[in-house]
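Only one structure is covered here, and it is reproduced in the block below.
Naming follows writing order (A, B and C), and every chain is counted from residue 1.
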Amino acid sequence: MNTMNPTVTSETGAGVVEDKVAPVKEERPAEAELEEGVTVGTPYSDDPKFKLRNVEVFYGESRAIKNISLDIARNEVIAFIGPSGCGKSTFLRCLNRMNDSIDICKVKGSLQLDDNDIYDPSRDVVELRARVGMVFQKPNPFPKSIYDNVAYGPRIHGLANRKSDLDDIVENSLRKAGLWNEVKDRLDATATGMSGGQQQRLCIARTIAVSPEVVLMDEPCSALDPIATAKVEELIAELSESYTIVIVTHSMQQAARVSHRTAYFHLGHLVEVNETNKVFTSPEHNMTESYITGRFG
Amino acid sequence: MPHTKDETYGDHTSHAFNDELMELKAQFLKMGGLVEQQVENAVQALMDSDGHLADETRTRDREVDQMEMDLDEVATLIIARRQPTARDLRLVVSVIKMVADLERVGDEAKKIAKLALQLSEEGQAPRGYIEVRHISNHVLGMLHEALDSFARLDASQALRVKKEDKNVDAEYQAAARTLLTFMMEDTRNISRCMSLMWVLRALERVGDHACNIAENVIFMVEGEDVRHTSLEDMEKLVTQDNS
Amino acid sequence: MIEQGSQAEIVRQSLKKRYRKERRFRMYGRVAIAVALASLLLLFVDIIGKGYTGFIKTTITLDVTLDGEAMYLDDPTDKDQMSMADFQAPIIASLQGYFPQATERSDVRQLSRLVGSYAGNQIKDLLVDNPGLLGSTQTLEFLVHDTVSVYVKHAGDEAYSVRLSDQQKGWVDELVEKGVIDTGFNDVLFSRGDSREPTNAGILGAIMGSLLTMIVTLVIAFPVGVSAAVYLEEFAPQNRLTDFIEVNINNLAAVPSIIFGLLGLAMFIGLFGMPRSVPVVGGLVLALMTLPTIIISSRAAIKSVPPSIREAAMGMGASKMQVVLHHVVPLAMPGMMTGSIIGMAQALGETAPLLLIGMVAFIVEVPDGFFSSATVLPVQIYLWASSAEQGFIELASAGIMVLLAFMISMNALAIWLRKRLERRW
């Protein structure tokens, strides 16, 4: 609540798309008045990890993402919220090209990770995914041992040459995921025998085992009980020191608890991006307010 | 921004949530009405040297205290159950703070009533009643406006309350000086004049509380914390948003 | 507006009706299962009742004097002499020891028909191996003649004795009483190939033939089927061609098996000039027949691998190939194997296509390679079942039991594999 105007950090870097900078709004936009490509709040950052401009995603004929421009800053936790079908998961999946496997899905616009185009045809998607890891809604450990789950990524990417190196990576990842003390005596036990919360933290450990720069989380706690959720949230807070984290969540309280910035999506539009504290006390856009206060969605 | 009650808080998906917020607002306004009445009665008792009314006012303060506790409970339950956000959150938080202010106003009324009782026993003070009447009208108006702005969610009305505070302060200074001069003229009246001084002081405090309430209303409506903000900035915020 | 009480009443009444319906439905189910079980039981009783005698052999143990004079033989190493020699003679002589009054020509002929026609060969083989035994007396066990065997096994049943004369019956009864003719477990069945004589016919040739054919089928159908399924599920682009292929695979599964026989005949034997009645061709034909089953079941298994596992692997940066090889195929393996084994079991029981490629021939030799002539179990059963001799009918039933045992063990293997390899996710 330090500023009262909906301000927009003006772009300073090269390759700025001028007309996409949302104009300073004098009033709160009225409901049902979604202007394409206009996002209130602070969608841009001075030190972006991801620089996303005019992103559009098509599923066949229908447009799931409508002209979204957003920066994701280095080492920030940004939460995507919005009603079901608003495109937040679709948008998240663009960030490590998980949509590639869907034939009818087409992505347009400029998506850059550290100034390199993600969708460059010459770019290797495997390398991208090693840098941008993903944690899914349902805990999905491989039906292998706990050790093999964590070691899988380093193995396929050839990160460890010796067994001892691999052991170190596994231990470190499990430690970072706060799971080491719980599983160190049963690394050979099958991962599917763990509790849901442990499985999800194992999936996070598996993801960070390849030392990604960004971790994408697609509703990571929706299948977990409150205690397990709290543990995962705690973990996110710790990880945010060294990783950029993008989290899609249906729980607004969760977004409020874990994220630095919150982005509100509606019907494929990016309606508002702001400091989380601001979004949850005095959002700028009426639709954001309606959504987070439980008036629709 | 024109808001009616129902538009602002009454359109949640959850009807129970709606009802709880409505209840919170209604109870707060009821408490505000009671506190207003208390101040009015206390001042009236003082004016008329009506010991009976003063006594009644003093005992009714318990009612105010009870309402404060009830409101706090309603607000706490809303937070626990609904985890309100944005304007709902601001409403609940503001109410919690404003309730404290109202309770303090209630205490001031009780204080005035006590002094009225004392004066009715000791005999009236020779002067100062006009000043008390004047200031009390003024602060009661402010309190009323503040509560009204809360009811209507009218930030500009709240801002007017805030502006009035300066005038009350000035009036208080003037009245205090008058009483002081009088005390210097006739030392026998010191004790009774001091009582009136206390009354004036209490009324001045009521004005301050009315201002606090107004600030909270602005926070509720605008989402900006305007405590410790200059009047000019406050005005800018309110008018710009209302244009 | 219905009142609460009456509403409850309505519900209660409809409840009764519902429960009645449910009970009726359950009863239908029980009746159906009972009918199925009864039919199965009938089948087993019939087959076992007819066939258990196939597992019994009847032997006659005689002290045989290998008299060179009687056999017109003085040097067992001389091949010419051996081919001319009369090896029946010592057996008849030995039998005449029991029945001294049987000296007439017709008696002698009847006596000689008590033992199987291969008894002479047994003596010949013995002498070829040990020429020094000429002139000595040996205690030897011979298989009895088919008619005697049937008579002994069904002692007391008139229907099974029509082909023996009363005199022969008398002799046999006496010999059985003396313990010269005895019954035992039919090891011949599992150690010999086919024969013209039921007592001497075994199923080993057919088992080996089936085994060899199945190996060919498995080696060809499993890898091809699984690869095709993996490609179609994971890599093939979604277009008209893929749809077309998919429809055709599904159709192929429903094509009558004899058509595959015709295809095999035209393609492998006609076009490629492969020999007839060999396990390789049989295996190829059965592989073609099994392929659709394997492909369909493998695709179903691959489809059942949860997408979350694929996503997880992909999210880790695994390439498409790694996703498939590290995760999808191992997880789908139990399903694929089950499908394959079931398909193989089907192929094992298949006769029609093999008839067309000539695996129906009378083959005495036990096949020793993929290119030697062979027959398979179901065809052998078919051949025996269509023979006239009672002995062959018994053998056919015994063969069916062996085949069923094979199939049950294959299905058991499928279940065991699935239980063992199946992983939970």
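FYI, contacts are C-beta pairs under 8 Å (C-beta built on N, C-alpha and C of every residue); 3 or more make two chains touch, one makes a residue touch a chain.
What you see is a predicted model, and the numbers here were worked out from it, not measured in a lab.
Out of A-C and A-B, which chain pair has the most contact pairs?
Comparing A-C with A-B, the pair joined by more C-beta contacts is A-C.
Of the chains shown, whose Cα centre falls closest to the middle of all protein Cα atoms?
Central by C-alpha mean position: chain A.
With centres defined as the mean of C-alpha atoms, identify the chain lying farthest from chain C.
Max centre-to-centre separation from chain C belongs to B.
Whole-Å distance, chain B centre to chain C centre, using C-alpha means?
101
Would you kindly tell me how far, in whole Å, the mean C-alpha position of chain C lies from that of chain A?
Centre-to-centre distance between chain A and chain C: 62 Å.
Let me have the rounded angstrom distance from the C-alpha centre of chain A over to the C-alpha centre of chain B, please.
Their C-alpha centroids are separated by 48 Å.
Enumerate the residues of chain C that touch no fewer than two other chains.
Chain C, residues with two or more chain partners: not present.
Quick one: which bits of chain A touch chain B in the complex? Just the residue numbers, please.
Residues in contact with chain B: 1, 4, 26-27, 252-253, 256, 279-283, 288-289, 292-296.
Sort out for me which residues of chain B touch chain A in the complex.
11-14, 17, 82-90, 222-225, 237, 240-241, 243
Under the stated contact criterion, what part of chain A meets chain C in this complex?
96, 98, 101, 103, 126-130, 133-136, 138, 140-143, 152-153, 156-157, 190, 192, 203, 206-207, 210
List the residues on chain C that touch chain A in their complex, please.
Those residues of chain C that touch chain A are 238, 306, 308-309, 311-319, 322, 326-327, 331, 423-425.
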